[in-house]
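As structure tokens, here come the structures.
Common to both upcoming complexes is chain A, partnered first by chain B, then by chain C.
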Partner chain A sequence: MTPARLYTLLGILVAGLFLAALLTGVAAVDPVTALRALMTGGEGPVGIVMREIRLPRALLAAMVGACLGLSGAALQGLLRNPMAEPGVIGISAAAGLGAVLALQTGLAAAYAFALPAAALVGALAGVGAILFLAGAGGGTLALILAGIALSALCSAATALVLNLSPNPFAAQDIVFWMMGSLADVSFTHVLLAAPLMALGAFLLWRTGPGLEALTLGEEAAASMGVNLARLRLSVVLGTAAAVGAATAVAGTVGFVGLVVPHVLRPLVNAHPSRLLPAAALGGAGLVLAADIAVRLVLPGQDLKIGVLLALVGAPVFLHLIWRMRGAA
Partner chain B sequence: MSVLVLDHLSVSRGTQRPLAEVCLTVEPGECIGLIGPNGAGKSTLLRATLGLVAATGRSSLAALPAAARARTAAFLPQGREIAWPLPVIDLVALAQGGRRTAPEVGAALARMDLAALAQRPASALSGGEQARVLIARALAQNTPLLLADEPIAGLDPAHQIACMQLFADLAANGRSVIVALHDLALAARFCTRLVVLAGGRIVADGTPRAVLTAALLEEVFAIRCHLDEIEGAPVVFPLAPVPRGER
Partner chain C sequence: MRPRQIPLGRGACRRLARGLPGLAAALWLAGPGLADPAAPQRVVSINLCTDQLALMLAAPGQLRALTRLAQDPESSVMAARARSYRINHGRAEEVYLEKPDLVLAGRYTASATVTMLRGLGIRVETFAPAESFAELRASILRMGALLGREAEAARIERRFAENLARLQRPSRGAPPVAATWAAHGYMAGSASLTGEIITAAGFRPLARLIGHGAGGFMPLEALVMADPDLVILSRADPAPAHSEAVLDHPALTALTGRAAVMQDRDWICGLPAVLDAVDRLAANRPDGARE
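Let's look at the complex of A and B:
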């Protein structure tokens, strides 16, 4: 399959899932009425549901998924390891700690903006710590070790906050948030996340040629004119912006960044640069599909998207590993 | 005009100096064999020449901007890494910014006898075939200078000879090659000049005939050899290590 054809097919898939996400929800609205209300800006309850609830939710699902898929593909390319994912450099854990602190201190209850903003501050502090620990010109191994250390530290701090939580409701809020969810998002969240996601995507997008050369190892890539320090910095900052923003609005959504690049890699002949757009589209499709599924599987129960993705995704991933073992 | 000038190039690592005060000038048409025991500084010399490790002194190549450096020298690192199973032709095309149709790519594939394997994923190839793919990638960069770090290690005898013949042919056509290797017999037969490193310093530099003497082999490599001549080229056959007491 040519890359253009793959991107087109994935694009059609994402568009279809986006439409399906718009038409899925608790309120029973027939598709024609729903889309007409969305297009014409009808003032009735249907128009409000479509514009204020379903549209931002579908938009964010696609944006979050694209960010996770793109970051996963870029990190796997940089680290030349199919097991790499955005969590490996500790950004998700740092953003999570920021959000947990906002919930714990009651800031999140006082200001709707406080939770995502605190998560972003956490992500920013995390990337600062990574760059300080690994050094801007530090090697790949230093980067992974710094990420693991940061991740462990943030998880420990999150556990401490839970441990010292003054009341069970705060603890429950924290636990639910960490499972990841796109319920209760509004255009405020879209507007908060969009600029950072765009910045992250821009930085990651431009790493294609460098990641391609890195297939032959760091020394060969450097001898072909790739600036390794700048490439590492682009991937780390791009991932921090994209995944930090995604975590801020959706909580911890794991697994997408790991499995989407892995599944799509054979379809792009393993090219790290062609994998970037494919994984962005694939991630958007997967999160849209999962967010439709949480509303259909247990309507009214608020099944968390992170839980569903892990429940369904882990066995799929095991199956892939099984097949890979058979092939080898 | 010289292709490469190294002027008192040194690398320090803590209190150690894996490379010390190396001066070297490479002219077009030279196929230089870089020999020396393990840890002599061969790989460090190649890396410092390319600017891949911090060094003092001057390398005319490392002084160039990255893009100009990539147009001047191709590097074949020691670790034969192919991280992803790209098709062979695309791996070779990395040398030309991914352009499969570039004439250099087709020429390099043909030269390394890889045309039939062009569409196969690199993961489906044998170790020797992968080594040839990586050599083809370096060739496709089409540079006046090629630096190769132990390219023939792990190849069968036929491919070792073919690889060294390729380097000799490149030199005969006016390019320059610096190849680090351990096979003294192949170095003697195919290289126009041998540079001997020991303890990070150049201890001998000249034609194979001038460099490969019994005294030098004993002193630098701590081996006794049978020295002979076949078809006008010196032949080195290692016989035994020099006993400890005599070193």
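Let's look at the complex of A and C:
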């Protein structure tokens, strides 16, 4: 399959899922009325449901998915390891801790943008810790173990901060920060996350040629004129911005960056530069599909999106481990 | 357009003081007085609602300790009065060390603690949350009987019933619809104290119209589609929680009806102070039947 054809197919898939997400919800509205209300604002509550509830939710699902897919593909390219994924190696958990700290200290109430910014700082610290512990090009085992430790530490700190809150509902928020959810997001969240997501996507997008060269090894890439330090910095900053912004508004949405590149890599002949756009589109599609599924499985209840993604993602993860065992 | 938010505090208090002078007097005069010598003398309460009932009725020196929440103005309507008491955290060991002759507890909270205290031979009386005005009145009388303060309890209960009757006004035509909405999209049931408060204020609870007698979760979309005349956003506490972030959703402010804010302290416990909640909600009636 040519890259152009793949991107087109994925684009059509995302567009279809986006439409389906707009038409999914507890309020029984027929598709024609729903879309008309979306376009014109409609009369009465249907317009509010479409424009203020479903549209931002679908937009954010696509944006979060694209960010996570892109981050997964870029991290895997940089570390040359198919298991590198923001959720699995603890970067999302670190971002979540940053966001929770911003919320509980009141910083996010004073400056709305402090929420994604703090998540970015958390994610940055997470990526930094992982690179320090497991190293670029380090072994898979070191990467996974460092990720487990970072995840456990950040999740525990998040739980501690939320348990210290005087609000009785704060402790229940632990589930949101660990499993993620797009329920009842609004355009406030979209606007809050969009700038950092755009920055992250821009930085990651440009790493394609560098990652391509890196498949031949660091020395070969350097001899081809790739500035490795700059490439590494782009991936680190890009991932921190994209994952931080996504986590700040949707909690920890795991496995997207693992599953999507895993499925799409054979279709792009393992070219990192082609995998990046494909993974962005695929991630958007996967999160849209998962967010439709949570609303169909348990309508009216907030089934966390991370539950479904883990059901899909964990078997892929196990498969990767199985294959690694075979190779060893 | 932002709906009118009803501020907590002084305005409502003034209205209460103007409209219900007897209630405030009853609350404050109940404190002093002679205790029945046979009544328990070392009472410890381990539940926010029994804290406040006991505060209202106990004789001086009769009450030994209350929960920390009773002193928190965000949770308790009697925080100022509670401040002079010792606090406990509802743990069996600290309660035991107070050497109580009566422990007051909620029926559904701290059941392990209650079982352990009873095992240690301490008398524990549990109070179920009041789910109606009738249960609220019964629990005032029961607390009075337990503390040997029957006369005060009867006076407060009678005053409450009179004030409630005074607040209830028939509405012209079909009453407007009010919906409560809390963290995670929880809507209190209509067969509850909340439901009776809403009804007394001259509204029909949305929960009754959709058959949520016992309460349940109401998705944001369903609430918007129901488009009630009043949305009562029920908050626990001003500290931020993601679970309560949904109460700030812009779709709520796009609704045509009004919005009011209630904090848990205003109505989670069955106390005479719930009449303040009735009064404040009634001020939101679109037909202006109150004034």
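The rule we apply is simple: the second predicted complex is superposed on the first by the 240 of 328 C-alpha atoms of A that agree within 3 Å, B and C clash if a C-alpha of one lies under 4 Å from a C-alpha of the other, contacts with A are read in each partner's own complex, and residues count from 1 in each chain.
Keep in mind that, in the parts below, a residue touches a chain if its C-beta (ideal position, glycine included) is under 8 Å from a C-beta of that chain, and two chains touch if they have at least 3 such contacts.
From a predicted model like this one, the values you see are computed outputs, not experimental measurements.
Using the contact criterion defined above for the overlaid structures, shared-chain residue A:R80 touches chain B, although it does not reach chain C. In the superposition on chain A, contact of A:D302 is made with chain C only, not with chain B. Of the two partner chains placed around the shared chain by superposition, chain B is the only one that A:S223 touches, whereas chain C remains out of contact. Of the two partner chains placed around the shared chain by superposition, chain B is the only one that A:A270 touches, whereas chain C remains out of contact. Of the two partner chains, neither chain B nor chain C is touched by A:P195. Comparing chain B with chain C, more residues of chain A are touched by C. Looking at the shared chain after the overlay, A:I53 reaches chain C, while chain B stays out of its contact range. Here chain A touches chain B in the complex through residues 80, 209, 212-217, 219-220, 222-227, 265, 269-273, going by the rule given at the top. Those residues of chain B whose C-beta lies close enough to touch chain A in the complex are 47, 50, 52, 66-67, 69-70, 73-77, 79, 81-87, 90-91, 94-95, 97-98, 121, 134, 137, 141. Listed in rising order, the residues of chain C touching chain A in the complex are 72, 74, 183-185, 217-222, 224-227, 236-237, 239-246, 249-251, 254-256. Chain A contributes residues 25-27, 44-46, 48-49, 52-54, 103-104, 106, 108-109, 165-170, 172-173, 176-177, 183-184, 186-188, 251, 299-302 to its touches with chain C in the complex.
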